[in-house]
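Following this line, the structures themselves.
One chain, subunit A, appears in both complexes that follow, with subunit B as partner in the first and subunit C in the second.
Right, the complex of A and B next:
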């Protein structure tokens, strides 16, 4: 993984850590609403909004449904940013 | 960083720096600095990610920094959860610890009408009623083209009647403040035809909103939130998000939610008393363009034309604040004669010397000058706000006096007026006659102070003031001012108990309570209604005790025996009610040191001092407090 991808990955984990109230080090690609207790539907919406504004991207309702793990979020953001 | 792949728009390094600096401050226990850094980080970047960070760190320093607690409950017809973290971060930056709960979707009517509902169980200080037109009266929004004029009128009546019923029920069950969203004006079903017909769709909603505002005014502590003003400012095309509305019932675009959160936070400042009483203004390049000492009277820029118009616009906003009761002062590094000449004679000046209650035009540092201004005006340093174009001066004042609200100005002077107008510490929810007169009263106070310096004995000084007091029971006319004084008087206040208008009214209506107000006049003018006392008569087995629940006076009338005249009058009435004992408390706070010795000097005995509560008693069978002979009583409550 190159440096740019590391940055993206770290940024997503930092935002998820703040919104979900979980240390960034505990979040993996597999972390999801099933494995993180605080990741409920309200937190999910807040997370999506935080990512949208930090990254200047917009997600469609279909995207939001798919973003149900840290790994899936990363793939979605990368796709939106054309990377 | 990459243009295409990196998530943040800005270099992440400063973000990480700001965050690790804040974490380091918290780890070192430097909580006040951490709070200031969090507030600055939030003001710089008000987005959901930063809100989550700020709220997380706020949890770590809560209890170790001064914050005013405020419980908020939101009744709603749409998803507001995503705005809640933004509200909490915004409130925290303004010194308010907001605890927020949210009602179920569309249960607001039953929550208000059912005394056993979760709404009343939360015991919130502030309730927000966030209902949209499209939920409450969908016909007026999406099916307007189907309606006959009669049907429109009847829909309007129904909506207004519902709100009136809710307001009445709410007020009878809760003394909380209620903030009511007015209804959003929809896009017209009829296109340009809407502006030609009667009733138009726009008129229908506007009529409802006007009548809602009237219904709010008919109740105490129910306020209208003009959501259309915010939508207009942001632009409806940006504000709405139909996709989010139909999927997660959130009608407002994510990046616009901050403006809803700020609208709510704006109300919290006057409600919790986190307001500034005085605006201290810089002069050069703030009230006018240029430097008077260098550019001279003809060189400074100030007037109706560019570029002076930006500065005149700022002066107009400052005048608006003065009309709202904000005291004005000057702190400027200047030669006083140069500066005063501009104030007195420049044709572009809207502000004149008589608008300012205190002047510090000298070459000393501004933090020292601000401290002196607060002392001269008898207000706390935390009641000051400071406006200055120079970021170095702003930083200096922020660091030296973190309790001062420093207005952050943009580099473009045309942005100054709006920056000041949007400062939440100047928001008010009521405007009393006293508020409008305050500037003049403080100017008179300056002359009074000069007289005191000339008088020989203190009694000569009292005599020379020719003071008249009017002590009366609270009336519907004075209710708002009485509640306002309990809410904001910090210094000469024995118990610092805050009461809403509703609560004051309840005490006034009770046979066991007396709520007094005092108005003070002297040879220089009318000081207005400046003090409140609340007495509670308690029947003990063998006697009647008059308990002084609250006793407070504005600091500008302290030290000239007004307080003694007030207490003497309360005692006269207590005797008429056969009270044999007067009981009072002093509850020390960070700010009420000016009231600390009052009970002792009046002859009360301290009978208990525990857990931050001093209990004092005055035996009415053996002593009394005389009404000062140099004062005149206009009319007595007794």
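Right, the complex of A and C next:
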């Protein structure tokens, strides 16, 4: 993983940690609503809003449905930023 | 309650199985609150409701293949549910509705065919996908339709037409006039009433802005429904008073609105249940006969409580 990807990964984990109330170190690519108790629909949309505001990107409903794990979120944000 | 419980209770001849699967398997993460609100004893009535809505939605668009209709409906419901959550999360931070100007909302929402197609499908499906909307629909039938005298019915903003349909189903003597600002709502309401095979001589749905007055009607109205409209207007008392002036002393009104609940087109912000009551009894000259308060149960920190509220009123 290069530095840019490291930065993005860390940023997403920091935002997810804030929203979900879970230490960033405990979040992996596989972390999802099934494995994180606090990750309900409200938390999911809060996370989406926080990512939109932090990254100056917009997610449509189809995007939001695909963002069902930290790894999927990273892939989506990377795609939106043209990375 | 699980999806398997629901499917076990589903009658063999029901057609709504794919819709239930889409709601409670594919969109389980989004619609879990409805699943949690259901109990086994509620299932027969709930499944009749789902079947009814889904049958009419399909019959209203007979040329559209069922899988495509299902995808359209679910797209609308997902859009509506996600948009609501996003806006409510923002509202919890700011305490203000984002939209403040009716003309902008009209341009961006009510006259926009793409937005309205999703909006109306989604809003109709919330009656079986959002716990508070399901309770509200049942209360409409039990506390209002069952108690109001039959006769001339007016609805301002019938939208998806489902309350209009039940108004007409509730008594064969009822005749219905619906006035809606959106041409897309008018078309949707008409398609729903047509698909449900309600005698066309009993109803009429017209594109009209009730804020500019309610057209002359040969008789005063016996029943008036203004549901999910008040919060969309800057001065909602104008339409309530216009309807009251076309009513008589025994006319029963069914009014719904929201307290501290945001949506793409909400403009008029009520900050408490008392503000809603004061609006009805003060500016609108109504007396409250019955009231249903449905607190919004969301994992959100808000300064004031949020509610869906429905009122049965009569002229004071």
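Assume the second predicted complex is superposed on the first by the 83 of 83 C-alpha atoms of A that agree within 3 Å, B and C clash if a C-alpha of one lies under 4 Å from a C-alpha of the other, contacts with A are read in each partner's own complex, and residues count from 1 in each chain.
Going forward, contacts are C-beta pairs under 8 Å (C-beta built on N, C-alpha and C of every residue); 3 or more make two chains touch, one makes a residue touch a chain.
Predicted model only: the values in this text are computed from it and were never measured.
Visitor: Kindly classify A:42 by the partners it touches after superposition: subunit B alone (first), subunit C alone (second), both, or neither?
Guide: both
Visitor: Quick one: classify A:23 as touching subunit B (first), subunit C (second), both or neither.
Guide: After superposing on A, A:23 lies clear of both subunit B and subunit C.
Visitor: For A:68, select first, second, both or neither according to whether it touches subunit B, subunit C, the two together, or no partner.
Guide: Once the two structures are laid over each other on A, A:68 reaches subunit C alone.
Visitor: Who does A:33 touch here: subunit B (first), subunit C (second), both, or neither?
Guide: A:33: touches subunit C, not subunit B.
Visitor: In this superposed model, does subunit C or subunit B come into contact with more residues of subunit A?
Guide: B
Visitor: Which parts of subunit A are in contact with subunit B and also with subunit C?
Guide: 42, 45-46, 48-49, 61, 64
Visitor: Note which residues of subunit B are touching subunit A in the complex, please.
Guide: 1-2, 4-9, 12, 47-49, 52-53, 56, 79, 81-82, 85, 243-244, 247-248, 250, 254-255, 257
Visitor: Flag every residue of subunit C that touches subunit A in the complex, lowest number first.
Guide: 29-30, 32-33, 75, 78-79, 81-82, 85-86, 89-90, 298-300
Visitor: Could you list, by residue number, the parts of subunit A that touch subunit B in their complex?
Guide: It is residues 4-5, 7-8, 10-12, 14-15, 18-19, 21, 42, 45-46, 48-56, 60-61, 64, 77-78, 81-83 of subunit A that touch subunit B.
Visitor: Could you please specify the touching residues of subunit A with respect to subunit C in the complex?
Guide: 33, 40-46, 48-49, 61, 64-65, 68
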